[in-house]
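One structure is given below, encoded as structure tokens.
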Amino acid sequence: MTAHTHTGTPTRSTGSLAAGIEARAATGALAGAGNKMDAKGVKVFYGAKQALKGIDLEIPDRQVTALIGPSGCGKSTFLRCLNRMNDTIGIARVEGLITLDGQDIYDREIDPVQLRARVGMVFQKPNPFPKSIYDNIAYGPRIHGLASGRDEMDEIVAKSLQRAGLWNEVKDRLKEPGTGLSGGQQQRLCIARAVAVSPEVILMDEPCSALDPIATAHVEELIDELRENYTIVIVTHNMQQAARVSQRTAFFHLGDMVEVGDTEDIFTNPRDERTQGYITGRYG
Amino acid sequence: MISDTPKAAIYQSDDFAARLRKRYAAERRFKMYGVVAIGVALGMLAILLTSIVGQGYTAFAQHDLALEVFFDPAEIDPQGSRDPAVISNANYGALARTALQAVFPEVEQRTDRRRLTSMISNGAAFELRQMVIDDPSLIGTRKQVRIPLASDYDQVLKGNIDRTLPETSRKVTDQQIAWVDKLVANGQIVNGFNWRLFANGDSRDPELAGLKAGLVGSLLTLMVTLGLAIPIGISAAVYLEEFAPKNKLTDLIEVNINNLAAVPSIVFGLLGLAVFLNAFNMPRSAPVVGGIVLALMTLPTIIIAGRAALKAVPPSIREAALGVGASPLQVVTHHVLPLAMPGILTGVIIGMAHALGETAPLLMIGMIAFIVDTPGGFGDASTVLPVQIFMWADSPERGFVERTSAAIMVLLAFLIGMNAIAVFLRKQFERRW
Amino acid sequence: QGRDQIRVVGSSTVFPFTSAVAETFGRMGKFKTPVVESTGTGGGIKQFCAGVGVQHPDLTNASRRIKKSELEGCAANGVTTVSELEVGFDGIVIANSKSTAHADFTIKQIFQALAKQVVVNGQVVPNPHKTWKDIDPSLPAAEIEVLGPPPTSGTRDAFVELVMDVGCAQFPEIKALPADQQKAVCNQIREDGAFIEAGENDNLIVQKLVANKDAFGIFGYSFLDQNMDKLQGAKMNGVAPDLDTIASAKYPVARSMYVYVKNQHVDVIPGIREFLAEYTSEKAFGEEGYLEAKGLIPLPKDKREKVRTSILNLTPVTM
Amino acid sequence: MPVTLFLAVLAALSFAGFQLGRSRAVASAGGRLSSLHSVPTYHGFYVAMWVGLPALILFAVWGGLEGSIVNAMVRASLPASMTALSPQEINLIMVDVHNLAYGNISSRVADPALLAAAEHYKHLRSIGDGALAVLMLAAAGMGLQYARQRIQPGLRARNQVEKVVTVFLILCSLVAILTTVGIVLSLLFEAIRFFNKVPPLDFLFGLQWSPQTAIRADQVASDGAFGAVPLFTGTLLIATIAMAVAVPLGLMSAIYMSEYAPPRVRGTVKPILEILAGIPTVVYGFFAALTMAPFVRDVGQSLGLSVSSESALAAGVVMGVMIIPFVSSLSDDIINAVPQSLRDGSYGLGATRSETIRQVVLPAALPGIVGGILLAVSRAIGETMIVVMAAGLAANLSGNPLDAVSTVTVQIATLLVGDQEFDSAKTLSAFGLGLVLFTVTLCLNIIALRVVRKYREQYD
Amino acid sequence: MTAHTHTGTPTRSTGSLAAGIEARAATGALAGAGNKMDAKGVKVFYGAKQALKGIDLEIPDRQVTALIGPSGCGKSTFLRCLNRMNDTIGIARVEGLITLDGQDIYDREIDPVQLRARVGMVFQKPNPFPKSIYDNIAYGPRIHGLASGRDEMDEIVAKSLQRAGLWNEVKDRLKEPGTGLSGGQQQRLCIARAVAVSPEVILMDEPCSALDPIATAHVEELIDELRENYTIVIVTHNMQQAARVSQRTAFFHLGDMVEVGDTEDIFTNPRDERTQGYITGRYG
């Protein structure tokens, strides 16, 4: 197992060159598997506390992968590994190998900025910028230079808000601050913000937690639509939702990945009894 | 045109790579600006500090004359009454002069002898007198004592007066230098730690001038300043930021406070003169008045910094506390203030630094004064360190040049000591959420 | 509340001397060391004259004589009897760095260099002189650059009186002007940058002179005395400033310094008489006294006697 | 009795009151603490307040009055020969009495009448102190009794205590207003006298400042000599230069410290930079005059520029260095307080650090940063010593940083400490300048408040 | 209709005395209805924008009232009126009458602090204090003097965490900061915090949005249990949840309350077609 350690601070580059080469060699083989992303033996420590105990997970291209599991089991942590957001947590330490298109994303050569442009993220707690609604959306395209003019930008903003199902509610108040929106509106704003930069992979951490059924439907439609061209990883507590939108489901438990498989299989025929216990819970 | 497909092509294109390179160049430049900014600021500080230390370190050592003094009863107490009044009025200068002349028996001419004894500091007589008052049994004995060497000779020995210059260009003649050299050769000039710098009050003689009065004065003044400015400043900041209804009155107060920050410090001195001295009849030159004036001057800094820090506390924290039934005051004291504390302490640090180094307003209330006695309380006449520096910097005597720098070093040490406490506290409160 | 400590305010020029006396006086142990403040002559007199009682000072230093108007102000505030102690002389020198030639000016030349308006070819014109040579070919070709005290200081006042007025009087063309214009021409110092008002910190001027070889500075003799290794005092009408020439009034630019005493405070605030006795003792303001070592130019002996008896009897000053 | 003893006793009484109030509250709740409106601690504070505050107020009032009352009584008892004297002389006699009473050395041969007066004075003083002690104890006791009685579960002790605290907070904010009133009053009268001598319009719009023309009384009113415009432009010029140095350096330092530097570096660099704010201004003055000004002149001359040896640039740059910490430390705290989730949001979109800082963190921190900058500007406007020493007193009307200029504060300082009679326009102009500066900065602050209000954004 | 205006700033007291008396008279009648709380004609404005258009709602004692409705319809806003949390939003203005036990809560005599101790709140976005987990919980009881000793406090903390179903996950790290918890853990922490002060009414704004089914079950059990002694108002987007836990349901739409009634009635037999459209949406 070619695992190497990555520390949390972003400025520090990680892994020896040799390890990087080794890793790339290893991923050459994996790349063949047609997976967009691939995690091998991912361990995460917050200080001394281990939050992930060695996760192996393949994330196939143009599919929706759902991560489910009880609260605190490490779903968000794993998600944050996939675009190196854990770099920003001082005490977090990542070990193991994660590849994107066969390339080790913790490699020296990989640029976290480019990586995050390619692997976008919607956070669990909505975190709109203290800017206008318009600027919240336009921020990403602007830094990546995706729009060549004012009109194009307007279009990107409008399109993204429409896709997130927020357009009708905010189209008259694009200049107002994004922080003045309701909880669900903020969440959709953050989805729109992520979609606006058109990443290849979109990581969504409970994107519908604050949403009403109609808005949820909107977002699920969006996910369905995006799936044709994008790879999506979604964390959700809503089994039905996982069943509805995902093709593959992974079940996490206490820092372990217990089981992964086609969504249908997992929901109809879970192999592990913990999975079974979880998904057949009375609730959802 | 926005596409329904990922921008994979774009993100992996050469264009994007080029753009990314540019962005990273910008990033590096930005980061470099930071390094440069800190470098420039630290560099400036380093230049200032080296020039201060370079000029001032010599003042921490001082040359003394080691003479064997005969405490001649005929001179001190001819009647043998041991009456303190008699003892304290005796001519101790003569004792020191006799002792020095004994080393140079060959110097006989009156003017030469006078030149010779100019080596003895004015302070020698007082130090000898103090010895006798402390221990009258010395009378009639011989004792090896260390008495201060006059500053000009000290400066020659330290090289601050260039002995290679022509005789007319310096205050010390060739002959005098020869005498000093002989004393040095005899081992009768000893260089040691300059305890007078810390044990004495101000003096017109550089070799005797010390910082004790200024240090104590600064301490007393600063106690008043901080004792008033911190609680009032924090209270005002809290009221304005957390409780005050947003209306014309609070706008007025806010503008007022910002405006006070821009009032020249000397005008605060005028205020002190008009209000505290003339209207309230408070004592002149006293640390209380100085402290109050400096507190008024510092208040805007603490209030403005405090408000900025309070403003930066996220509202969700306040909501959380209100939601469990905390009163607004409890919200502030339990949650908001601790989180805003680093910023408030920064205001305190900067305000304190300003107050500690300020002279102008003190001029108006009589603290720019020659005050020798160490103040014993808040109402006694006193100076403060920056005033001492200011006055030494304006004194003609060469010996004050190094002392000025030394005093600055002491002031900075004092400041750093005070800051250290605040910085330590600030670190305790710091967190990111 | 009571007060048992003498308070002195006033001139920054006299400050070093009075404070040296205060220190010695305090060391003698019977009384507390007087507090000496440096407020400037005018400010000092203002406070001194504000009234009698503990909150008002007992003595004030002055680098010029008290003015009649000021005495009247005193009386109006109940400060009815004031006595005067003439301390000694203070020479005002024009000095430059030792690394250049020793200058030799006449008062007339200084006037021509520094006045705002001068006489050129019999006409009163704005000062055209850029270099010293422009004034007199015997002078160096260096640019005129003089650092001096601001108009608010006593030294400046004295300089104007002793140099500018005197220099100006040597021009019949100016004398011919009407009185008020004449004053204006005599007293105004040029503002085109050749004269630089340098603030009250004389040590700063000293150091600026060391750094700038062409510049001259105007300040009190004691600063020259202490910096003989770096600076030299220009000769004035052929006389170089030193202790003897100033004391004997050969050096033309010297003024007297004073201390004023509030008679009503004597015997109320303890120690005033004793302090005055110390001040006027030979070991203090006499020749070879400790004040001379501080740069004071002592009065002649007979003058000292007179001053001593007059102040110890608290003879009120009259104008 | 010494003040400290009084206060110590009072503090002890209040503490006792606190304990009593708390235990009484607990007792009144009969074991069900939740039946209390306020927690027992507040009941404690409530009683302590009632014990301490009235007595303290009494003490303050008494302390303010006792001296003059006793003096008046002693004065009245002086022998007729003395009371006949002028009030001034009686004052002096009273000084003697005080000196005698406190055992200070008095140089006057002790007159029996005076000795008696001193005795009388001492006696009255001790009676007064005794009375005060009794009164204070009574006040404290009554307060205690009152507060004790009121303690019951329904007592809104917290609200009462908080009301007092709020009043205290309001009083603290009003200190600023009082200070302003004090400043205006201490400037106003002399300023009016000045404006009687010099027409305000000439002062405000005159282009020449040259108080030296007024050196002789007969030239006082010479026209154009008291035009303040050059001083205000000088102030503006130097403050601008200072801000041009301090804002970029300070802000970039702050950004680097809070966003890039490892905590250890930040923890050391920040306090070190803060030393800059505490170096006495005399030191900066020497540095500006002896190092920076010659440097600027040499560089300028080598470039063929004509540089005054006392340039605004030298003074401004050094002043800028001095106020770096105002910007750097305050901004650093504010930037550090921006929630991490905002940064995460930006990183998550693929922004670089600098983009995140410039476009997300700084806007969020802006209100606080503006506060720091305003403070720095204020300090720059109010600074005197550096300019006196490095830029001088020549009030040229010039916007050229290489010229010598003077500032309002410099003129105020030199005019006030100089040797002048205090009835000439020259000295009085210091007050005029002070008042106008005060007004001008007030207007600027009002504008600044408006602007800042507009851009204020709240985040979470 | 006796409506009066309340402005957002907390220090300013609102409503004239006359209005207060009138209001109390009015509520005397209402009190008879056995409602814990009662809202009459509640309007809320954020600046010029009206967020609630006149809500009348009775909240019966010892029952669970669910508020449902699309995102941005004003549920959170209404909830925040019930314990005067809107006082803290500068631009918010409340009109109308809300009573608690028959007393106008916007009355001069009412101390909002005491009100909030009686009417507790769980916010939509979890907002733990930047303190330790223990202190997060202990804070409320401490300021209200609910524990007389260390032991008692320990017990309250443990009990509250247990009730919120968080105890097992955090019992070993009570001294660690509450902000280091996962999203769902933070949410449960906030629930525990609210429960710890034992308010009479608990307002919960989507308390289960970040929770997995098991944790959700926990919370729902908790709600059920609390109902015996407390009055609960809950905002949820999960229809099933509303149906499971609540006795009464109110449907909000664009700032209006469209319909309110017994939960069963609402779900089986909605009168308004908007309600019908919302609850019969395919999703949930």
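Order as written gives the chain letters A, B, C, D and E; numbering starts at 1 within each chain.
FYI, a contact is a pair of C-beta atoms (placed from the backbone, for glycine too) under 8 Å apart; a residue touches a chain by one contact, two chains touch by 3 or more.
Chain labels with UniProt names: A, E = Phosphate ABC transporter ATP-binding protein; B = Phosphate transport system permease protein PstA; D = Phosphate transport system permease protein.
Just so we're clear, the structure is a prediction, and the values are computed from it rather than from any experiment.
Novice: I need the common contact partners of subunit B and subunit D, sorted by label.
Specialist: A chain counts here if it touches both subunit B and subunit D, which gives A, C, E.
Novice: Go through D-E and B-E and name the pair with more C-beta contacts between its chains.
Specialist: B-E
Novice: What chain is most central when centres are computed from CA atoms?
Specialist: Taking the mean of all protein C-alpha atoms as reference, the closest chain is D.
Novice: What whole-number Å value describes the gap between the mean CA coordinates of subunit A and subunit C?
Specialist: Chain centroid spacing, subunit A to subunit C, equals 82 Å.
Novice: Rounded to a whole Å, what is the gap between the Cα centroids of subunit C and subunit E?
Specialist: Going by mean C-alpha positions, subunit C sits 81 Å from subunit E.
Novice: In angstrom, rounded to a whole number, how far apart do the mean CA points of subunit B and subunit C lie?
Specialist: Taking the average C-alpha coordinate of subunit B and of subunit C, the gap between them is 31 Å.
Novice: Averaging over Cα atoms per chain, report the distance between subunit A and subunit D in Å.
Specialist: Here the centre of subunit D sits 53 Å away from the centre of subunit A.
Novice: Where in subunit E do residues touch two or more of the other chains?
Specialist: Where subunit E meets two or more other chains at a single residue, that happens at 113-114, 125, 143-144.
Novice: Touching at least two other chains at once: which residues of subunit B meet that condition?
Specialist: If we look for residues of subunit B contacting two or more partner chains, we find 23-24, 243-244, 315-316, 327, 339, 363, 393, 433.
Novice: Quick check on subunit D: which residues sit in contact with 2+ other chains?
Specialist: Counting only residues that touch two or more other chains, subunit D contributes 158, 260, 286, 339-340, 352-353, 355, 416-417, 458-460.
Novice: Chain pairs in touch?
Specialist: Inter-chain contacts occur between A-B, A-D, A-E, B-C, B-D, B-E, C-D, D-E.
Novice: Enumerate the contact residues on subunit D facing subunit B in the complex.
Specialist: 158, 162, 165-166, 168-170, 172-177, 179-180, 182-183, 185-187, 248-253, 255-257, 260, 267, 269-284, 286-287, 291, 321, 324-326, 328-330, 332-334, 336-340, 352-355, 357-358, 365, 367-369, 371-372, 374-375, 377-379, 381-385, 408-409, 412-413, 416-417, 431, 434, 437-438, 441-442, 444-446, 448-449, 458-460
Novice: Which subunit A residues qualify as touching subunit D in the complex?
Specialist: By the definition above, subunit A touches subunit D via 9-11, 83, 85, 88, 112-118, 120-121, 123, 125, 127-131, 139-140, 143-144, 177, 179, 190, 193-194, 197, 199.
Novice: What part of subunit D is in contact with subunit C in the complex they form?
Specialist: 67, 86, 88-89, 91-92, 95-99, 101-102, 104-108, 210-213, 215-216, 218-219, 222, 285-286, 289-290, 294, 308-310, 388-389, 392-394, 404, 414-423, 426-427
Novice: Show which residues of subunit B lie in contact with subunit A when the two form their complex.
Specialist: Touch list, subunit B to subunit A: 1-8, 10-12, 16, 19-20, 23-24.
Novice: Within the complex, which stretch of subunit C touches subunit D?
Specialist: Residues in contact with subunit D: 1-4, 11, 30-31, 39-43, 45-46, 51-54, 63-64, 67, 69-70, 78, 145, 150-154, 157, 160, 180, 183-184, 187-189, 191, 193, 196-201, 204, 207-208, 211-212, 215, 264-265, 267-274.
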